[in-house]
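Before I ask anything, let me first share the structure, which is written out below as structure tokens.
As written, the chains take the letters A, B, C, D, E, F, G and H, and residue 1 is the first residue of each chain.
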Amino acid sequence: MDLEKLLNDVKNSNIEIEDALEKLKDLPFEDIGYAHIDHHRSIRNGYPEVIYCKGKSDDHILGIIERMNEKGSNILGTRCEKTTYDKILKLYPNAEYDELSKILRIKNEEIKDQGKGTILIVTGGTSDIPVANEAYYTALFCGNKVERLYDVGVAGIHRLLANRHMIENARVIVAVAGMEGALPSVIGGLVDVPVIAVPTSVGYGANFDGLAPLLAMLNSCASGISVVNIDNGFGAGYLASTINKLK
Amino acid sequence: MDLEKLLNDVKNSNIEIEDALEKLKDLPFEDIGYAHIDHHRSIRNGYPEVIYCKGKSDDHILGIIERMNEKGSNILGTRCEKTTYDKILKLYPNAEYDELSKILRIKNEEIKDQGKGTILIVTGGTSDIPVANEAYYTALFCGNKVERLYDVGVAGIHRLLANRHMIENARVIVAVAGMEGALPSVIGGLVDVPVIAVPTSVGYGANFDGLAPLLAMLNSCASGISVVNIDNGFGAGYLASTINKLK
Amino acid sequence: MDLEKLLNDVKNSNIEIEDALEKLKDLPFEDIGYAHIDHHRSIRNGYPEVIYCKGKSDDHILGIIERMNEKGSNILGTRCEKTTYDKILKLYPNAEYDELSKILRIKNEEIKDQGKGTILIVTGGTSDIPVANEAYYTALFCGNKVERLYDVGVAGIHRLLANRHMIENARVIVAVAGMEGALPSVIGGLVDVPVIAVPTSVGYGANFDGLAPLLAMLNSCASGISVVNIDNGFGAGYLASTINKLK
Amino acid sequence: MDLEKLLNDVKNSNIEIEDALEKLKDLPFEDIGYAHIDHHRSIRNGYPEVIYCKGKSDDHILGIIERMNEKGSNILGTRCEKTTYDKILKLYPNAEYDELSKILRIKNEEIKDQGKGTILIVTGGTSDIPVANEAYYTALFCGNKVERLYDVGVAGIHRLLANRHMIENARVIVAVAGMEGALPSVIGGLVDVPVIAVPTSVGYGANFDGLAPLLAMLNSCASGISVVNIDNGFGAGYLASTINKLK
Amino acid sequence: MDLEKLLNDVKNSNIEIEDALEKLKDLPFEDIGYAHIDHHRSIRNGYPEVIYCKGKSDDHILGIIERMNEKGSNILGTRCEKTTYDKILKLYPNAEYDELSKILRIKNEEIKDQGKGTILIVTGGTSDIPVANEAYYTALFCGNKVERLYDVGVAGIHRLLANRHMIENARVIVAVAGMEGALPSVIGGLVDVPVIAVPTSVGYGANFDGLAPLLAMLNSCASGISVVNIDNGFGAGYLASTINKLK
Amino acid sequence: MDLEKLLNDVKNSNIEIEDALEKLKDLPFEDIGYAHIDHHRSIRNGYPEVIYCKGKSDDHILGIIERMNEKGSNILGTRCEKTTYDKILKLYPNAEYDELSKILRIKNEEIKDQGKGTILIVTGGTSDIPVANEAYYTALFCGNKVERLYDVGVAGIHRLLANRHMIENARVIVAVAGMEGALPSVIGGLVDVPVIAVPTSVGYGANFDGLAPLLAMLNSCASGISVVNIDNGFGAGYLASTINKLK
Amino acid sequence: MDLEKLLNDVKNSNIEIEDALEKLKDLPFEDIGYAHIDHHRSIRNGYPEVIYCKGKSDDHILGIIERMNEKGSNILGTRCEKTTYDKILKLYPNAEYDELSKILRIKNEEIKDQGKGTILIVTGGTSDIPVANEAYYTALFCGNKVERLYDVGVAGIHRLLANRHMIENARVIVAVAGMEGALPSVIGGLVDVPVIAVPTSVGYGANFDGLAPLLAMLNSCASGISVVNIDNGFGAGYLASTINKLK
Amino acid sequence: MDLEKLLNDVKNSNIEIEDALEKLKDLPFEDIGYAHIDHHRSIRNGYPEVIYCKGKSDDHILGIIERMNEKGSNILGTRCEKTTYDKILKLYPNAEYDELSKILRIKNEEIKDQGKGTILIVTGGTSDIPVANEAYYTALFCGNKVERLYDVGVAGIHRLLANRHMIENARVIVAVAGMEGALPSVIGGLVDVPVIAVPTSVGYGANFDGLAPLLAMLNSCASGISVVNIDNGFGAGYLASTINKLK
């Protein structure tokens, strides 16, 4: 769909407002051959446009960014390789990058703080930081106040309890853990706010690349917990933002 | 901990208010030998007391209900067999029961509506209703406005789209599906509110008792989705309630 | 078996037609030591000869191509590495190659259009294109009219519905999807023609290299759907062609 | 949607034919509370209405049949228990039942033969007959000529080869096998028509309830094969019919 | 081997003490046709004789008990059905039975307390008690001081911390948990003594009959933890006893 | 194929011996509708006819036995239920039955001892006897000398070593074990004859119904070992017989 | 144990022949610190010494070869890298190597033909050759007559049947196949000799690195088949030799 | 928490001894941003500080070592890459490294022998040495007497039995094995001391990276055995030390 043409048609009274609305509701995407870019949410709620970079060629990524950039909206790239970022930086000097989480950010307009409270990102260990940072930057870029509390796993329960105030002040908690994935259960027992559990692939042997913490989190005996895919920091940050923006 | 004694001590100035508060914060549970009943949340936020009945003997269930009932709070029993309910009904004539979901409810005090919006429970098929009803009664009993939209699976996408208004009006959506578990993905693409995905064990063969929809939901390409355990209607209803009560 | 000698024998009346037919029925293959090349289908129905290149040495691949080429029939190579293609190109200047799908084509004779209708290749995302292209070139090379509709996954259902005419015009549909693999279910609900579902290994974490979409597709609640192996674009394209040629 | 009202509106010119068509295209289902009955396909292509009985209460099944019967169309019930059938038979004396496959058939109108050729159902063993019969009755009820060839598994390859003429005469083949699931591969190598492979849960130990033949069939080295869910005779019969009806 | 004959030979000087010792070291078992009863450990270290009753016929169990009883040693039966116990009780009036854990005990001689400290059995929930009791009675019958702390799972961490003194006083801890199996990790972080983790099959869905807690425990980030088979209360109690008896 | 007619044709010179031989080679089976009975091996090498009873109706089993019995050959039924046996016994008074292994034997002609040596069946525990007996009776009925050594598992290695002479005298060894399945490895290290490993489903928890010993046996570090399906005593006994008969 | 010293002791009458025999029976291994080399079988039955090279450092491999070579016996190395072979070749000019199977052979004495018949190695495809060659060289080096029949998979059943004479002439058959692993079932149905099935990791997607053919082979409906580990050509060749040498 | 400040406060009577004790009990960790270093155990029982190096950047590892070193305690690094060690060595010349196990040791104070007996590390094969050495150095560094017995797997049971004295003299045994993982079962049957089983990822095919020996060990029919994660030599060595230090 050509958005421009549609809006011109509206301007020139070639189309009824009602019909235009209907079209906009169903078709807010752009066909560029190898991709149907979906401007759906960024148009509607001021979210950034998002690109999942993994498995896409640099040419495709650059092509998609070009179309998105033309709208002037913010752009968030996940799982973006450093080499890809280097190419992007040359064309978009305002592009920022976090090496640990491989998050790319291109800020074209001011981010409006839309959250109602604080999102807290907690990790069990230091090795979970890449995934946690993906959640952190996603939530931040969607316009939230975000705090971090890292390396407070349950095998040293006093480290977690000593930071109880941070946990109790959050409106939404993202609990990131690999190994046995017990962190969300303990946190879930301490608070009455939603806890989003993110299993990570940190571990070895019978961890089976994150299967162990995934199953543990799905079986949590604490209430108020839900789970996203292994290493899916983006999904957790996005959902946390969605919850935090609820009126 | 003996709550009564503590409160008497407070009354008689045998204990400082501050010390009493501290004790209450850490120890709101009751030791009855075979169980440590946790009055934590019901005291703090008016939630019902919850018993997971499966795997507990009828004597134990009745014993736990007795202690809970003494507090006068509401009681929600999950996975409660019909034969157990029959015994409970004789002692607690106000006990209610839904045979499909095996949910037991004993209402001792008026449920305050605490939710900010509507929770919508959607299912892919008719066979998912037992799990969906577990979510429904849990959310209802926690003080929410809840609506149901059943049998609108993705293989007949027009059934879902024809009810788009219900989906767009909800504040939190619980999407229950077995088979290939695709429902949450489609719903997640239509709304900007949190979607809690519940895989069910409905299916056969390569469904592997719910593994297929569980994996599908964890891999959803839609944003704003998180997942609970297979057949965990209670967990979804409880989390939906937690989100819906956020100020 | 030496086909040439057999046919000469027929010509020279050294063998009865009936006996020759019998031999041809049972033994249309050629033993070259490390392989028994099967000319079965290419002789019978004008299909190209097919080589699955993966796991074969370059010498073996070149040897097999040499024998096939002598027959003058068309040759399709799947999972052919670029370095192997470079060697082939030097010997067979008419060899063509698609880097995304790693499909090799050597066209020695005109491809007869044998299909009764259009085969449509649909993908859920941009990352599924390598597998989709494997199906595309296979179906094309087997003499079909083929169309492509890429990146119309179910999390943005409007992208799919906006292209409903393409879906409704196809005689056979190949639906390629990774992640949660829900695409075939939705398409299967919209049409009355066969849908061949191809799960891809696109995804991460609990995707388990394509297990998630594979299970989802096997459990599809839509009718008229069948599934091929993960990433098996060739198999899907070949089967689509087989169906499309049915008289 | 109320179909009756709509058609009355058409009759009384309260609605334009065009608008009515549009509505019918998108909304051919009926909401009876616990189910959205989909009359989609039976209206469009003369297929029977289908009920997957497993996991539904007898009351629900009877309710759904009642609505379907009112349309006068044929009804096919899968996985219908004998006790359920007994209840149905009292209300619908024309109801027929196959105990092996648990297939229920209510024939309200003559079945038109719509197939272009013969569908052949083959099994590896005698124990696969329940699944094979499900495919058989489904294809039959959808208006096809169907033949059966049972107990010709690959460990006695001469049994299969001795019936080669049946295999070569079919337009679509449904190959049903448990154990190691090798049957479709051998058949696929003998013919140029589509082969639909159905793994069954027949076996024990490392069969893992049909996982072994499922994986074998997905990995078949023969071309032209696709797979449906374990024990999914209905799906195979339905797909075979869909292919056989292609113009 | 006939122990009696051997000892008579020793008495009558038909065999050298040294040779007799050698024989005893290698062959302390008795062949009764369907079983080779191993008196190895009970002779050497005063442990009870142990029968794993599951999968054995009542006749076999009674036959084995008869031989063991003749030695006058204590007998511990695991996974003994109530109906089997009833038969045993008629012949051995001193037989005792715990219905929850299905542990049978026949005490023929006084149990010597051989432990150096206290063994503590902890459970996450009430439903874990059958497995915990198996560990409890095993450790008790092997001559240890044993304490129990039940229903103190990590989702209510205050219940565990309030009983910290019991945990800190134990010499060996057996931590029994189903669901997400996080209990051993938290306990392991609080103490410096060995923690034996026992996953239970308590749970549903993605618990996969105890796989979830098993994997979690194997991946524990706490040190000093090891794991036994799912529901293996006996193994944990026995190992705890072995450790507790170390000089 | 009608064997009788064929042989009559030979007798009456209606067919050449050569043609008859060819027919016999390819078609030694009988089509009775629901089964293609294969007289292949029993005709050729004096083996009994074999029926895998599981999953077949009593009527089918009786029908198949009737046809087999007409040939006067011996009949071996595996996994035959006691109730089925009772029906068989009424018609065939010479039918014998072993309740543990559910093996049915109908001896119509003398069994010729065809083995070159002794087959030894060894088990790890008493609970493995049902599977071991299936191997025992199969090998016995195929005309071998068979010995049994039960309950000599590796956790009491002296029990095995004390019977080393039996192990060293065997020509083929069938090693049956559940639990950790280590028995074949130890035996394989002691002898130079083929060891057929049979994993059993004896165990619980992480045994996963025989998966644990199956994997262990496949990974045996001893040479000269191969594995059959879980609980497949018949297959092991049959293969042992095949090896023992080699000239 | 120091063999030299023992034999000297025998020579010098420092030890009784009987005692020496006893020691030799139990201790035919050599302790070189990082390995206990087992000369057991090579001493007893003229087999080559075997080294599993994978996961051992070059220094360790060279050290082990040195000790073996001193005995003058033949040496077979499996999974030996080319770079390792190059080092070996410099020290042992008679070392031979097959690049496909990575089999190393050092022939220090003439191989005696000990087999009673021919061992046949069959493969389903060309890609299975590396595993098949491992079996081939192992059986050859153990003193057997071995033949090869490659690339005769079941999807072109005529290729197999056309070589039926080779199959019928073998005394032991090793059937090597990846993909769906159906080859052993078809062969097992054609012969009465032992068939050793070797699943290979050839395939992709739902092949799961050889799991698919492994399960298929374990579930074979043909009799007389047993299975070794995925890609374990050595184990199959060794077992085939063990069977072929039986007197 | 700043330990220094706290102790100064104690010294200057700014804090009551009792309050200081309380604080020390709960908070013996140090927050350095990306990690909460836990000095818990090293302060209390003289254990070394431990760093799990895998998945941490060199900068983080160096930063953590710096803090630990300031305390003057010993430091043990597990899974430390050689390149990381090279950097460490430049700063800490007393750093030692074992290339096989990748264990790093920095000895700042004399290790006190605290064990009550000998810990024995046994392996099944030469390839298990890396994991075994991890256990060895861990136990050694924790102040124990440790012995090693390598390459004595069960397929050559005489190698194990010949070293029976070492096994019988140990107070705790760590049994390390890959492949079928049978070693702990045999050892467990020979001794009455705790056996810690360590499955390794040594093997291929159906070993599934250590799953086979893991399951075997969990299902061991020997008593007194418990299991740690695949390849977890550190965990086994640490637990062995914990047991060996018990008073």
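What we mean here is this: a residue touches a chain if its C-beta (ideal position, glycine included) is under 8 Å from a C-beta of that chain, and two chains touch if they have at least 3 such contacts.
Since the model is a prediction, treat every value here as computed from it, not as a measurement.
**Q** Could you give the fewest steps needed to travel from subunit D to subunit E through chains in contact?
**A** 2
**Q** Touching both subunit D and subunit G, which chains are there?
**A** C, F
**Q** Name whichever of B-D and A-E has more C-beta pairs touching across its two chains.
**A** Taking the two pairs in turn, the one with more contacts turns out to be A-E.
**Q** Cα superposition of subunit A onto subunit H: how big is the rotation, rounded to the nearest 5°?
**A** 90
**Q** Find the pair in D-G, A-H or A-B that has over half of its contact pairs, by residue number, in common with F-H.
**A** Copy of the F-H interface among the listed pairs: D-G.
**Q** If you average the CA atoms of subunit A and of subunit D, how far apart do the two points sit, in angstrom?
**A** A distance of 43 Å separates the two centres.
**Q** Nearest whole angstrom, what separates the Cα centre of subunit B from the Cα centre of subunit G?
**A** Going by mean C-alpha positions, subunit B sits 59 Å from subunit G.
**Q** Mind checking the centre-to-centre distance between subunit E and subunit F? Centres are C-alpha means, answer in whole Å.
**A** Chain centroid spacing, subunit E to subunit F, equals 38 Å.
**Q** Touching at least two other chains at once: which residues of subunit D meet that condition?
**A** Within subunit D, the residues that touch at least two other chains are 156, 161, 205-207, 211, 214, 218-219, 223, 229-230.
**Q** Go through the chains and record each pair that touches.
**A** A-B, A-C, A-E, A-H, B-C, B-D, B-E, C-D, C-G, D-F, D-G, E-F, E-H, F-G, F-H, G-H
**Q** Spell out the residues on subunit F that touch subunit G in their complex, using ranges where they run on.
**A** So the residues of subunit F in touch with subunit G come to 41, 44-45, 50, 116-117, 171, 192-194, 196, 214, 218-219, 223-230, 235-236, 238-239, 242-243, 246-247.
**Q** Which of the residues in subunit G end up touching subunit D in this complex?
**A** Residues of subunit G touching subunit D: 124-125, 153-157, 161, 179-182, 185-186, 188-190, 203, 205-208, 211-213, 215-223.
**Q** Per the contact definition, I'd like the list of subunit B residues that touch subunit D in the complex.
**A** So the residues of subunit B touching subunit D come out as 126-127, 129, 150-152, 156, 158-159, 161-162, 202, 204-207.
**Q** Please name which positions on subunit B make contact with subunit E in the complex.
**A** 1, 26-29, 33-36, 38, 40, 54-56, 60, 199, 201, 209-211, 214, 229-232
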